[in-house]
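Chain lettering (A, B, C and D) follows the sequence in which the chains are written, and residue indices restart at 1 in each chain.
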């Protein structure tokens, strides 16, 4: 055997291994659903749960007889917290496995990475996590919160109920906190808060030494005005942050912290007794008092065979997205992307907080905003619930996006229509 | 050192005493004395947050110490109203229902099913008001600890209404520390009252002498509402406190740096053995730290289930467990993989990288990908002041802990016969083996020792960081930086390297921010290595390059 | 002189490899474009862009092999050069979007608009010009490598110390590119590209050309690497790897030799990154992650370092395996990957190609080399130990 | 006796009052040492006497703390690095034979040839007939013509020593520093090496560091004995080996 033929053989083997699944075309009696969540790497900590939720929802739906008389089949892949791999896997799910829709992604980077793929191959992605907004794709549904469905109501609550006059905007240094904080700063200043009463602080990913920052917050808070921290600190860094807060004796009564990325799952890794009273703003808490929620929690615990498993907001978002898709497919009578994109707008499905959520023409959904205080058992005590709010994809508080709207209904079919110029951006001038 | 005793225990103990002595407590000459508090409580059932705040004020004004348990229950979220008659009770979970007691008398009011009662909402502002109210009501408690808590509570939520109570309490107080605290509390409360300007001026002096960050906050907060003639006094007081604080701030920064350094030291010290002494580029080192943290978690789980009383000892128990577990894993790795790779340091990088992937995924499969809760024993919670600095207990213990590990390791390396064998083998394998030292086992146990120490570090790091399968990954790069910066193979280098990187980081952080600070530290390490290509503590001479 | 340099490179194996690569480079796009989708010979676009990605990784691995396999510099920061090349290409693609961004701003990319940039940062100028951007693809990584290498090699930083500071370099860049203030799109990076030289990046034709370009650049770099390795310079390079001080005492400037190789290698990595970006559609700071650079080392080791074909095969095999396992066994693929690394280091220390090549050489040579290796290893261990005191 | 300046002018290599210390240990202590053109010199001394450190200093590997090191009375070697010094014409053979094991004997010699050593010169180098002849000549000298295509890794210990000497010859140095050339050689090889070195010394200066007294006697040249970083005695082998200090410090042990 010559070297040449060996080399050829090796290359061929590599091609084969990557295309081995190629032949597995969808059997006619099932509808395939792609699940695109990291099961390894840094994001596995958050995303694995969502994979489990999707498997549960699909199993439940199959018990009810599936969709359009066909069973659903989940295709789970692991993009391994690696952004280019997300794009590769999305492509694989759509063109090789021929899935009808994909549920997945957590970080904005992963969504940004797959967005062109979904638009190119014309498929549907349901994205279940709160994000910074400033995006509306024809092929993506954003069932998590936009900044106006989380951040602004939370700040309103603190200003009104706790009389907060001085604000620390602390976040991890990436796009979601940066954008949210820009929106919040513009919003607060529009409410008459002086710039000197706003402190913005950024930390690297996975920051674990919070001593200096907590003591800076303490200093900033000792100016005689009621101070609060608005935290957009990314998941992993929260545990050490809260531990340091607790140890430095910052109690919620003195300087409350309201967080947008801390839910039941994050608290499960934490002794919450020193944190009682700190807040979080979400569209769902496990402690919501509603029958549909009790049912969901029961199913979840049974599905995971773990009585201690908690539920959280992105799970609700996945739940809403999945049910909206099922309803839209049934209304359209087909899983064809274009038909579903048309039929899903205006679909209303129950959410887990006892109301309903509607898919809006901007591909965001309506949801109530809940403010909760952390309790000693790791759950949230809901102190405020608003009426349902429509997710605002283009923030009114950023100068360049305030004139933009999104409406994917015909005839406009535009994700970034500029009401000032009357033109749909992105299609050239 | 009050903060060392769990706040809640102390509080409930005090409350119990309050209850027993409440009839003996003097009542105060105030307008609302004699008002029946029970209807006030019942009004809470329908009140929103603002109304509830007023009601608490009225309750506090009764001066009735019997109300303390109910207020405490309220702040803990244990106050309920019965849906049938809107009457308010303290509720304690008893099986699937609540055990109800009267908020004023404490008499039992039977049981209620969970859906028959509704919890009365509570938020931070209400908790603050309640804290102040309870402070006022317990100022004259017979228990010294409770009085100190009460004075603290009033100090933190000053209100002019508590002024007279404070003055009465001060006149009766015999304990020096409690009295001092009360005097401070009085001064603070006085600023928001309608007392004379002279009295306020004196109060400002008192607060100034009290000092600290909080004092600045109090003065700045009060200055807006004070008489303009006092502005000069306030500014002078603030300036004087701040100048005193400046030096403490530097000290505080050094402390933060040392404490960050001690964390780096902990993370790196195991690597100083496996990488520094043995020359293995051990990418699985972080996973050893992670295994140590998970051992702590398992130990705590077992203790929670079987012997809750031992919880404060859980870390002490976890230490040997973590050492043995990770040491054993290290032994297996050395025997199974690394022993075939001696003399090929760069290849150990690949193999241990593979090991680290496998260990991470194993833990993920066993425990799930999410964070696990590792509790802080009470002696590691809270903080205590040293002058103008705040020292948190967990950081202090971690510094002490990492230094003692360092010393212990140094002793093992220099004094024990195992340490002697270890050095002999790493210096001249052939010579050592011809002298009868069983080199393979010395290698194996050296690696196990390094791994075990990484495991112990994991026990400590579980106290300040996430316990998740990713724990190790977040320390591995920093650990290598520390060892290389300090000088490979030199334990002292690791110590000095860790501490100096920690302090450097903390001095950069306030001026350039945490992100740029970290980048700058990395760049400085790169530049430093150019200057001293073998780290801080490198041997010179031809031996190194032989 | 130049012709001799190139001619020397075209030794049998290399010619064969280049032939295969170019064959794939033409055949795959042809099968993709020219056969109907239901044909048995059809290669779906999905598979083509996947394989295009592997070719970029193969080029990156080849670049690393040049410094590691031949010069003995274990760089744990080659991902940084790859990412910088990718960013240079990404910046060009961003500028090509023009007014088609969501905000319709003709100059500023979208992320700058919503982060309130008023004007284009200075370092973004010129990237709308393809030639300039392509020059930057090799100049930026090359310059970083030159500055870094200039200091490090002059100061004689070597061995693990060098490895660790290259890791520090890529880690520092990771943190820096994460910052929104850097003007590179923060963690989201650069994405949503529209077209390249006027052709839509999503069109099958463009993908086919990009695929061919990847195969072509890999072939050219393979020839260049082969020419370098087979010249007298290449022999000096191996000398540096095996006995650095001997090379020095023969009067060679080791720092210049290393610097030249390091820079050439960084430029190759930059080209790989630039071809990678339009094919996967995104570049973000994740590419700077130290773990990525370590993975490149692993591909090279699996294929066989110190051989030119080895890293190419290693990169394709490991990534092919990764694609397959993350789809087929998402829960346990890390066990497989981890196991592979351990198995390769234990049982195929010379990698796949290295082991095969050794089969051709005399058995005696193998044994002698192993002994020599052992001797060197002991010397290294002694050095370590003495330093440890 | 010559005056100092005369000695300097005539010298090929001139060391005066050279001291260096590592972490407090004085490896060289005011060492002074002169080699004249065309001289073959042997150096002996106990372990740790500073022999290798002295070579390190001459070849630029180590910088002295104090002292003067001159080559041909004009070039200050303390300001130059290894590559410069090698190009000036000082070759060095290590204690442990150091050849390029993954290259053939021929390639080893080709690399060592005294030709332009720049990056681009080596990239575009092609073997000229003169270079080929020169390599073959050296192969002849070190008696390895028949093994020229063998990988250096496959040579015996003694052959590696010779190959290294051959590489030094290819470098065409004016001064050759040879560190323990006969360690590990058979008696026959040792004798042949002595012949080879004497042959080489006809055209250039050679400094040999060696423990093997028999070998030194065979060379029959001026001997310098070092101890504790300075010169203990210098002269003929008989003179030195009868020096009481030398006996106490070195031979007597």
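What we mean here is this: contacts are C-beta pairs under 8 Å (C-beta built on N, C-alpha and C of every residue); 3 or more make two chains touch, one makes a residue touch a chain.
What you see is a predicted model; the values in this text were computed from it and never measured.
Participant: Write down the chain pair with more C-beta contact pairs when C-D is set against A-B.
Facilitator: Result: the pair with more contacts is A-B.
Participant: Quick one: point me to the chain whose Cα centre is farthest from that of subunit B.
Facilitator: D
Participant: From the mean C-alpha coordinate of subunit C to that of subunit D, what's the distance rounded to whole Å?
Facilitator: 43
Participant: Taking each chain's centre as its mean C-alpha position, how far apart are subunit B and subunit D in Å?
Facilitator: One centre to the other, that is 65 Å.
Participant: Roughly how far is subunit A from subunit C, going centre to centre by Cα mean, in whole Å?
Facilitator: Measuring from centre to centre gives 34 Å for this pair.
Participant: Give me the residue numbers in subunit D that touch at least two other chains, ranges are fine.
Facilitator: Nothing qualifies.
Participant: At least two partner chains per residue is the criterion; list those residues in subunit B.
Facilitator: 360-361, 473, 515, 518, 539
Participant: Among the residues of subunit C, which are close enough to touch at least two other chains?
Facilitator: Correct list: 175, 178-179, 245, 331, 334, 379.
Participant: Could you pull out which subunit A residues touch subunit B in their complex?
Facilitator: 39-40, 42, 44-45, 48-49, 161-163, 173, 201-204, 206-209, 211-213, 215-216, 218-219, 221-225, 236, 239-240, 243-244, 246-249, 252-254, 256, 265-266, 268-271, 274, 277, 279, 373, 375, 381, 383
Participant: Which of the residues in subunit B come into contact with subunit C in the complex?
Facilitator: Going by the criterion above, the answer is residues 275-279, 281, 283, 337, 340-351, 353-358, 360-362, 365, 423, 426-430, 473, 477, 480-481, 484, 487-490, 515-516, 518-519, 522-523, 525-527, 529-531, 533-535, 538-539, 543-546.
Participant: Mind listing the subunit A positions that touch subunit C in their complex?
Facilitator: 3-4, 6-8, 10-11, 13-15, 17-22, 39-40, 76-80, 82-85, 87-89, 91-92, 95-96, 107-109, 112-113, 115-117, 120, 134-136, 173-175, 178-179, 182, 202, 204-205, 398-401, 404, 415-416, 418, 421, 423, 425-429
Participant: Can you list the residues on subunit C that touch subunit B in the complex?
Facilitator: Subunit C residues touching subunit B: 74, 148, 151-152, 154-161, 163-165, 167-169, 171-172, 175-176, 178-179, 245, 290-291, 294, 297-298, 301, 331-332, 334-335, 337-342, 344-346, 349, 373-374, 376-389.
Participant: Given the complex with subunit D, which residues does subunit C contribute to the contact?
Facilitator: On the subunit C side, the touching residues are 1-2, 4-5, 228, 231-233, 235-236, 238-239, 242-243, 245-254, 256-257, 260, 364-365, 368-369, 372, 379.
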